[in-house]
Amino acid sequence: MDDIQTRLQKSSRATRQDYFGKAICYSCIGLIILLVACILYFIASKGLATFTQNGVKFWNFLTQSDWKPGDVDKYGNPQVGALPMIVTSFSVTILAALLATPFAIGAAVFMTEIANKKGAKFLQPVIELLVGIPSVVYGFIGLSLIVPFIRGIFGGTGFGILSGTLVLFVMVLPTITSLSVDSLKSVPMHYCQASLALGATRWQTIYKVILKAAAPGLLTAVIFGMARAFGEALAVQMVIGNAVLMPKNLISPASTLTSKLTTEIGNTVMGTLPNNALWSLALVLLFMSLLFNLVVRFIGRRGNIKNER
Amino acid sequence: MKKKTIISSLLALGALMTIATGCSNSNASKSSSSEVSGKITAVGSTALQPLVEKAAGDFQKDNSKINITVQGGGSGTGLSQVQDGSVKIGNSDIFAEQKDGIDAKKLVDHKVAVVGMAPVVNKDAGVKNVTMDQLKQIFTGKITNWKDLGGKDEKITVVNRAEGSGTRATFESAVLNGEKAVKSQEQDSNGTVQKIVSTTPGAISYLAFSYINDKVEALSIDDVKPTDDNVSDNKWKIWSYEHMYTKGNPKDATEKFIKYMKSDDVQKKLVKDMGYISTNDMKVQKDAKGTVTDK
Amino acid sequence: MNAKKSDKLATGIIYGLVGIVVTILISLLGYILYNGVPDINWHFLTSEAQSFSAGGGVRDQLFNSLYLLILALIISFPIALGAGIYLSEYAKDNWITDIIRTSIEVLSSLPSVVVGLFGYLLLVIQLNLGFSILAGAIALTFFNLPLLTRNIEESLSSVPDLQREAGTSLGLSGWKTITKIILPMALPGILTGLILCSGRIFGEAAALIYTAGQSAPSVDYGNWNPFTETSFLNPMRPAETLAVHIWKVNTESVTPDAGVISSASSAVLIIVILIFNLGARYLGNKLFKKMTAAK
Amino acid sequence: MKTYDFNQQYISKIDKEIAISTDNVQVHYGKSHAIFDASLDFPRFQITSLIGASGSGKSTYLRCLNRMNDKIAQVDGKILYRNTDINSKKINVYEVRRHIGMVFQRPNPFAKSIKDNILFALRNNGINDKNELQKRLETSLKDAALWDEVKDDLDKSALALSGGQQQRLCIARSIAMHPDILLLDEPASALDPISTSKIEETLELLSKSYTIIIVTHNMQQASRISDYTAFFHMGHIIEYNETKNIFTAPEIKATEDYISGDFG
């Protein structure tokens, strides 16, 4: 009796295990936070140097469209205007996501709700396989198939936002699809059964019950896809033309943040304006994906609240 | 639990390995025997990288105590790292004097090869020869159609090289005379440029000799053909050196390796294999400002 | 439009979309395999890459890719596991958790170029790791972490709470319950996530160009001591992976058979991912069966 | 819906040895108050039923008794077990749960073999003696009336068993720990009548050596197997008495209405 009483009050192996486990998990999380903080700090400190050390005005950086970090304009100001690249980056990302989303969700619905097991079993690995194709390969396929195709139809050189969009469309398709499949699968089976039992057609069930319940997950899938598109460098670089020009239409050569970054970083000297200006681009890239994230989280949260009500 | 232990012990092993290699590195550079030994890291120009890599491989066969690591990263990277002293050799396509932020006085230049570059056009254009002035007008955006040069009625698509790249610096200093290039597509690498020019009608760009093949049309300038011979006596004006920079005069292993790079073994064989021109074959020399003098 | 008609129409549209997707996917895979497979042979897989002569292989690149993948997983998996457990089991619904989740999402949306450059700045230059496998593996960890963490969290959360209650009601510590009861049940899901991540790592190039480097120095496959310079296990050597090799061959290489090497390498890459994929799937199924079915 | 006066309460005194008791237990889920001033004494080696409508708080209350609500609710008040307030922060909850076991509404065997289901927690509690483990495996399965059905398939996955077998396995798993008290949260609600009656038989056997507290929806079940019954309504304990008294002569109107089916 007394023995049990004292054991109730004393810590045991189980308590120590729990402390141990918690310590491990907390340090892992801590490490991740540290990494993120590190990245933010390093890139911010490098990227802000353009403005603090080289005296470039932040506003000019965002709104001007002349990018020649090595040269000065007639007033003696460095020419670092990133607007064309920002606009292009956004255009290709959003267009690619717009294009890919219906296909991806269609495929995901097919795999989870319509296809028999064999169909889904076949599609799944194929899609997972595509995630692993290196972007270089996409780039070269884009260069040898898509660019001539666009040139043949729309004229011009074939390089431009449209080609970039098409390449990115194929690249983000597997990402969005496989994540959409996950989120559709997580909708409880009984939702679907209940709806069917009430006499709803399959499409009504999919549209009104399943897609609605999975909406936040689908949104996340699209964001992940967009994130990949936004940050994609090597493939886009090959088909977009890399000209720092304000995009006038979808088939004129343009340049994204990432393509500029990869083409030039190796040629610049650490600590000089051309180098810092590139880090500023990286900072913009970082900042925009951050913003992206927050906006979508916000939307996702509102969606959740609505669903609960 | 077993899995966890394996993972953690592997992690620990990894950490140990890191530390140990760190130690062994410093040991290696300290120990000095009669035979020259040491560790050389060469970083920089991706264009020069394969040549140095191959030469380093051959070199190490006879000098097993010297360990050479060759890495890419670009000319800017090479120059800034050798200036920092974090590597022994900085490979560059460009004179250190031409780079902002590099104090060329501290660095010693070792020219290991000469690379010639030629304007290339898509075969469609129907032009095989231009004058230097026409070439300049194309790249500054004053001539925009091939028919002005006696070719097809086709718009000229200028594909420039990445700003700050050695190739572009060489081309602009030889052709543009200080004028600014038209804003246009830019590509970083020879391979991509070659592919784009060969597939895009009306495209013009420029390539190192070694990348010119029968898929693109290399232009003659003022009826001078882009050949190694024409480069060696400066009849062909668009060429540059491949540099290996050291901080101060090279010592020990580094000295030996750079000597090897300049030796006939490398210059007569590897340099040619790579499509470069040997510095020994040059009858003229160029300084950082682009002034050419007889050797 | 009545419900039946719209049902048919919608189903038709979905079939149409899927048809297009499948066509794209299949023709893409077919294109790569058709172009590459005929050139894959034993010689290609087991010989060294050549810088400027034809007939090079991808032995080192293939090994580097695998080694890098394994190192990256060794580093990132335990961290992701801890973080995933934290998020699914310990995290309370408050602002701290919000911040944590946001940071993980930020990490996941980081463009690979940015990760590469960050790795270059911090690992290669500041920490003086040089272009090395270790630097590459750490850079890959940045990609892996958010994906793996999310996947592990989801797999853990999908294990019914009843299992947790079963564990705790027996007086087991929370940690034991998680590691011994919940984790094994989540294993098939975690495994699938690992495959997806591995596939991504395998194809990653942008982040590695600046961290693991673009050169594949010849290594000694008989030297099992990871602390020596020439050992194939040495994590401090620069290592060009298959994906980076494809990039390099396509952009800068002067090898005459660059096209062949590139398409064959792409095919090899896909086949390796395929093997991986099927293997892990088989393993996952087997695990799942072992847990649920009679022996 | 009829309204009942929660102040009207009848708690009978227990003159037997008490295994566990609660003193003014309050439970809050966030802002909502789920259990009000619950004070009960549970007699040793008896079966006590907790009955009441859905949402009356009986399951919540049961889960307080071995601290299963720790992460989800705020529990105040005292829970006395062996003269110790086990609701105190200083108490080692893992020890509490070792002595007060629990079986849940839906069977939740681990995804392990039948044998490992029973032995897993034992091994983790430091019991490594092979003979002892074998003995406990056998007796617990026998006590849960499962031994005859599974003795040849001990290495089979527990998930391959039927629902009723799984639930009895869960009971066996709990009693293998040799607890003092066994809490059961509607253990038969997900099962068919045959499995249910098997479980009831098992419980009656077990009550010889364990104190059993069971939440049930099924009033026949409560009257069949339990010695004492407590009636919960909207977070309040309305009446607590010997089962036969509750079912034949309830003291409070609400109890009577509930039992006669004329409720709410």
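Labels for the chains are A, B, C and D, by order of writing; each one numbers its residues from 1.
One rule holds for everything that comes next: a contact is a pair of C-beta atoms (placed from the backbone, for glycine too) under 8 Å apart; a residue touches a chain by one contact, two chains touch by 3 or more.
Because the structure is a prediction, the values reported are computed rather than measured.
Chemist: Measuring from CA centroids, which chain ends up nearest the centre of the complete protein set?
Modeler: C
Chemist: In whole angstrom, how far does the Cα centroid of chain A sit from the Cα centroid of chain D?
Modeler: Each chain's C-alpha centroid was found; their separation is 50 Å.
Chemist: Where the centres are mean C-alpha positions, what is the separation of chain A from chain C, in Å?
Modeler: Using C-alpha averages as centres, the distance is 17 Å.
Chemist: Can you check how far apart chain C and chain D are, centre to centre, with Cα atoms defining each centre and the answer in Å?
Modeler: Centres of chain C and chain D (C-alpha means) sit 47 Å apart.
Chemist: With centres defined as the mean C-alpha position, give me the chain A-chain B separation in Å.
Modeler: 34
Chemist: Tell me, which residues of chain D touch at least two other chains?
Modeler: 94-96
Chemist: If I count partner chains per residue in chain B, which residues reach a count of at least 2?
Modeler: Counting only residues that touch two or more other chains, chain B contributes 46, 72-73, 188, 192, 195.
Chemist: Tell me, which residues of chain A touch at least two other chains?
Modeler: Correct list: 13-15, 140, 262, 265, 270.
Chemist: Mapping chain-to-chain touches, which pattern fits: line, ring, star, complete or other?
Modeler: other
Chemist: Can you list the chain C residues touching chain A in their complex?
Modeler: 3-4, 6-7, 9-11, 13-18, 20-22, 24-26, 28-29, 31-32, 78-83, 85-87, 89-90, 99-100, 102-115, 117-118, 121-122, 125, 142, 145, 149, 154, 158, 171-176, 178-179, 195-196, 198-200, 202-206, 210, 242-243, 246-247, 250, 262, 266, 269-270, 273-274, 277-278, 281
Chemist: Which residues of chain A touch chain C in the complex?
Modeler: 13-15, 17-18, 20-22, 24-29, 31-33, 35-40, 42-43, 46, 102-104, 106-107, 109-110, 114, 123, 125-137, 140-141, 170, 173-174, 177-178, 182, 186, 200-204, 206-207, 223-224, 227, 230-234, 258, 261-262, 265, 270, 279, 282, 285-286, 289-290, 292-294, 297
Chemist: So in the complex, the part of chain A that touches chain B is made up of which residues?
Modeler: 68-71, 140, 143-144, 147-148, 151, 157-159, 237-238, 241-245, 253, 255, 262-275
Chemist: In the complex formed with chain C, which residues of chain D make contact?
Modeler: 66, 68, 94-98, 101-104, 106, 108-113, 120-121, 124-125, 153, 155-157, 159-160, 170, 173-174, 177
Chemist: Using the touch definition from the top, list the residues of chain B that touch chain A in their complex.
Modeler: Of all residues in chain B, those touching chain A are 46, 72-77, 79-80, 99-102, 157, 162-166, 180, 183-188, 192, 195-196, 199-203.
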